[in-house]
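Dropping the structures in below, format is structure tokens.
Below, chain A partners chain B and then partners chain C, in two separate complexes.
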Partner chain A sequence: MKMSNKTLNKISSFFVSLKSQPMTVVLFLCASFSIVILFLMLFFVAREGAYAFTKFGPDLLFGMQWDLESNVFGGFPLLFGSLLVTFGALVIAIPIGVSTAIFVSEVLPFHLRDPIKSIIELLASIPSVLYGFIGLLIVVPLMADIFGLPSGQTALTASLVLSLMTIPTIVSVSGEIISAVPKDYKEAALGLGATKWETIKSVVLPIAKSGILASIMLGFGRAIGETIAVSMISGNQAHVASSFLDAVYTIPAFIATHMGEAAVGSLEYSALFGLGLILLIITFIVNTLADVVVKRGVQR
Partner chain B sequence: MVICLLAFFWIVATLFTGFGTLNVDLLTTSALKGGYFEMIVGTVYLFLGAAAIAGPIGVFAAIYLVEYAPGGKLTRIIDQAINNLAGVPSIIIGLFGYTLFSRQLGFGISLLSGWLTLALMILPIVIRGSEEAIRIVPTSFKQAALGLGATKWKAISLTTLIAAMPGIVTSVILGIARVAGETAAILFTSSVIITRGLPTSPFEPVMALSFNIYVKIVARGESPENVFGIALILFFIVVAFSLVAIILRIYYRRKQPWLS
Partner chain C sequence: MSYEDKIDIRQLNIWFGEKHVIRGVDLKIKANAVTAIMGPSGCGKSTLLRAFNRMNDVIKTSKTTGDVFIGEKNVYENGTNVYDLRRQVGMVFQKPNPLPKSIYENVAFGPKIHKMAKGKALDKVVEKSLRSAALWDEVKDRLNDSAFDLSGGQQQRLCIARALAVDPEVILMDEPCSALDPAATAKIEQLIRILSSDYTVVIVTHNMQQASRVSDYTVFLYLGKIIEQGKTKGIFENPQHELTEQYITGEFG
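Let's look at the complex of A and B:
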């Protein structure tokens, strides 16, 4: 790699500045801690999953069977379950979340914004084990009643509860972007005789588009990685679900319930880490893209 | 929005129907006799230790990002890494904590492994919150100190940091609220279903409210009514911490005189 003199100078002066102030070094190390942790995380999860990856290759993700006795581990039913549940959750959460964000930051009177935002934040801080508990207590029997099923633990149940957990993410991120739309633009539209709704539709939303997209991606990242609540209410059946009313198993739920039994260093253990690595990479990509989308939207 | 409100009140209403199962005596009764004592204290141990680890690192990182960072590519990468760390699913944090802390470093299934693992989840919250708190302190405070001959670090630690303290504390409390009920991250690293009394050293496993709810329902197939009491206590702890954080934030935002 060719490095220009200028970059070299920049780098060396950076280290010189670190040396002259010892406290700066400490602060810098703390700030770079997150990078170190992310690399360690990738390294360790990949190291433990390497055995399964070399053995199965892409079949770890697309194989149809997870069988302990014949030592064949294919995660397709789990991948499918994860995508199905996440898709369902987003279909419910996006319209509710985005409209809530618009309502809170554009329509709601000013003095009511803080209380409403606080309630949404409270909703976000309720731990997933309690969402699972509440889902089990209310939503599961409700589903069984409505659809006449023997068990209410279905993909739809998981999607419903998951949407409740995703909405706060979507509301807070897209709400922030929507309230950041310059006031001048809105006032210009209103001054030209546009109604409030027309202003929102033709001025606010186009500008906030990238932020809303980013909030949806973050919501996706949160939903696909959700473990505890989903494993409590989705029925945990490792098959390719035929409909939303079928029980499913998701990747994180499967890891949570099988890690305890898998012998350390066994092929199954490694396969679980392999699935974890896939999940980690999916969320990395989604989160990075969301960041890029937000930054690009802000620059314009 | 109405749906959010309804959902919230629905949750609260449902939880309150279980109030009858909560018995004050159970709070101080040992788990060996069917009480909740070790779970409650275990949960508190876990989040306090995690906050004590993540707090200083997070605040230092925030100071660097706001006051020192040169703003080039490296700073952008750090920023991106913090966002990514915040987005890692908790189950992966748990897997990682298990391989690094419990096995590689040999801490085993212990309070210490739980602290370190949960600290990774609090860290991004503390960094983001502290950054905001530090950013809104007027630079004139720091400049006054610099003008009197203080070094950069002295100026920041004695003026900016003190002015930002309420915001920093709020972010730590918010971080605690987020991990107090965390289950997936402590599933393999620190918790067991029952212990004899409280852990006497950081190298012993610990009981936790969230872990108990999860394992009783998923692994043992108990009906949700059986864990209603535990769920209620956890709910109160989490909501209390988030409420305190939220109220503190609104209060100080209004109170900081230099903002108006």
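Let's look at the complex of A and C:
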């Protein structure tokens, strides 16, 4: 009883403090708004997908067949396609992105850093459909030529273009973090006679690592959620790809293509929402894992 | 240069961009003694100190003319190996700045990058350095803990141990106690006195009491120029220059 009184007091004094500070109210509402949006999104996607989930259970995730005529909807080929393409994109983008960030914020002469950073930030904000054009015009024919394929629309093509899209994000966010490492710590290593590279390796990267991981998470989010560019260049075949040189269909591309034709309230309609929910859950899991890794890193 | 002078600075000028920070400094620093460089904020004392191990090079707009001899060698000569110079001339900074590593790895870092020791020999170097920095007894059971777990004063002694581990001849200290409480400051000052029997120590401070407590020689720097230098006792008891007297009596600072 005592406890609940205390809690009650706390809550009421919180609202009293809100009353006395108009700016706090505004900020509080803004902050609540984004949380509310998140929960609404989760709620509606789950509600619309519930029908398909009760009908198929885990088969919505692991079933191999997506067949409108027999009303069977299994999303495994799509899930696999999304994960394959995203994995490929990150394998390319992480090493290039992080080393570019180090180069731009530590090695490049001072007067070149800001112009180069602006260009990279511009790359990060180009609409994705334009990356789709580049992919279609350059990467697709190139893939067909290099590997002698009848069609250059493959998982690898999508990974390559997605990596082009994620590298700027990784570079600009990691670059900011790396630039923010205090000079005092770099001087600690330099003062002992460390070279620039030894300083980067022993001081800059360990201090910046949680921020670098956050930039990779943003890149991951961009890659796994990318819809239009991927659907333009990945071949869009709902089968389990046998290799990176096979055509794939990703979850977002599939949803975008099929949503318009699905009758509202039908089983297919609900299954598409189910796929969306899976995408949402994957993003949550990866973000939470990253958070845990970062927190562990901070404690050490 | 007499054999007991360790550092000999001739006509040193340093600019940061357009700003002329050090203006024609001539200075000799005695071996195995503590020399304090004191002066008001912004007088260039840190810049002067950082000229000895060429840490000003890190600032891209800096320009240096003149000579700094350490022993027989002019460190501003073409072809000087700055990495080796900084091993030979160690530095302790204003704010304790341990590397993001364990206590052991902090001390081992220098010997490792200069390939001076490894394995058992490295363990010995680490222990010896920590002992010399009067830190061994406090950390010997927790060498693998993060250096950030230490108190501020312990971190600063760790930074001293780290500098000692690469077997330097000169130790530069840039206001090493300004971020510490009085008890930690007393420990560091005591340590500085002990270190001076084996090393040439140059300490920058804006704290006159500290200069008078720890140093054998004192240099008073004002607006990038040396106003007065000599034995610490003489400077404090009988300053020759009006500015020095005003500074010591606290008329400006």
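For this structure, a couple of remarks:
Everything that follows uses one rule, which is that the second predicted complex is superposed on the first by the 267 of 300 C-alpha atoms of A that agree within 3 Å, B and C clash if a C-alpha of one lies under 4 Å from a C-alpha of the other, contacts with A are read in each partner's own complex, and residues count from 1 in each chain.
Assume a contact is a pair of C-beta atoms (placed from the backbone, for glycine too) under 8 Å apart; a residue touches a chain by one contact, two chains touch by 3 or more.
All values reported here derive from a predicted model rather than from experimental measurement.
Look at A:V286: by the touch rule set out above, it reaches chain B but stays clear of chain C.
Using the contact criterion defined above for the overlaid structures, shared-chain residue A:P141 touches neither chain B nor chain C, since it reaches no partner. After overlaying the two complexes on the shared chain, residue contacts for A:A194 are found with chain C alone; chain B is out of touch. Of the two partner chains placed by superposition, only chain C is touched by A:D184; chain B is not. By the touch criterion defined above, A:G57 reaches neither chain B nor chain C.
A count of residues in chain A touched by chain B and by chain C gives the higher number to B.
Of all residues in chain C, only 53, 55, 58, 60, 82-87, 90-91, 93-95, 97-101, 109-110, 113-114, 146, 159, 162-163, 166 touch chain A in the complex they form. Considering their complex, residues 109-110, 184-185, 187-195, 198, 202-203, 206-207, 300 of chain A touch chain C. Contact residues on chain B toward chain A in their complex (touch as defined above): 1, 3-5, 7-8, 10-11, 14-15, 56-58, 60-61, 63-65, 68-70, 72, 74, 77-78, 80-85, 87-93, 95-96, 98-100, 103-104, 120, 123-124, 127, 151-153, 174, 177-178, 180-184, 187-188, 210, 213-214, 217-219, 224-225, 227, 231, 234-235, 238-239, 241-243, 246, 250.
Per the touch definition, chain A reaches chain B in the complex via residues 10, 14, 21, 23-24, 26-28, 30-35, 37-38, 40-41, 44-45, 47-48, 96, 99-100, 103-104, 108, 114, 116, 118-123, 125-130, 132-134, 136-138, 164, 167-168, 171, 218, 221-222, 224-228, 231-232, 252, 255-257, 259-260, 264, 272-273, 276, 279-280, 283-284, 286-288, 291.
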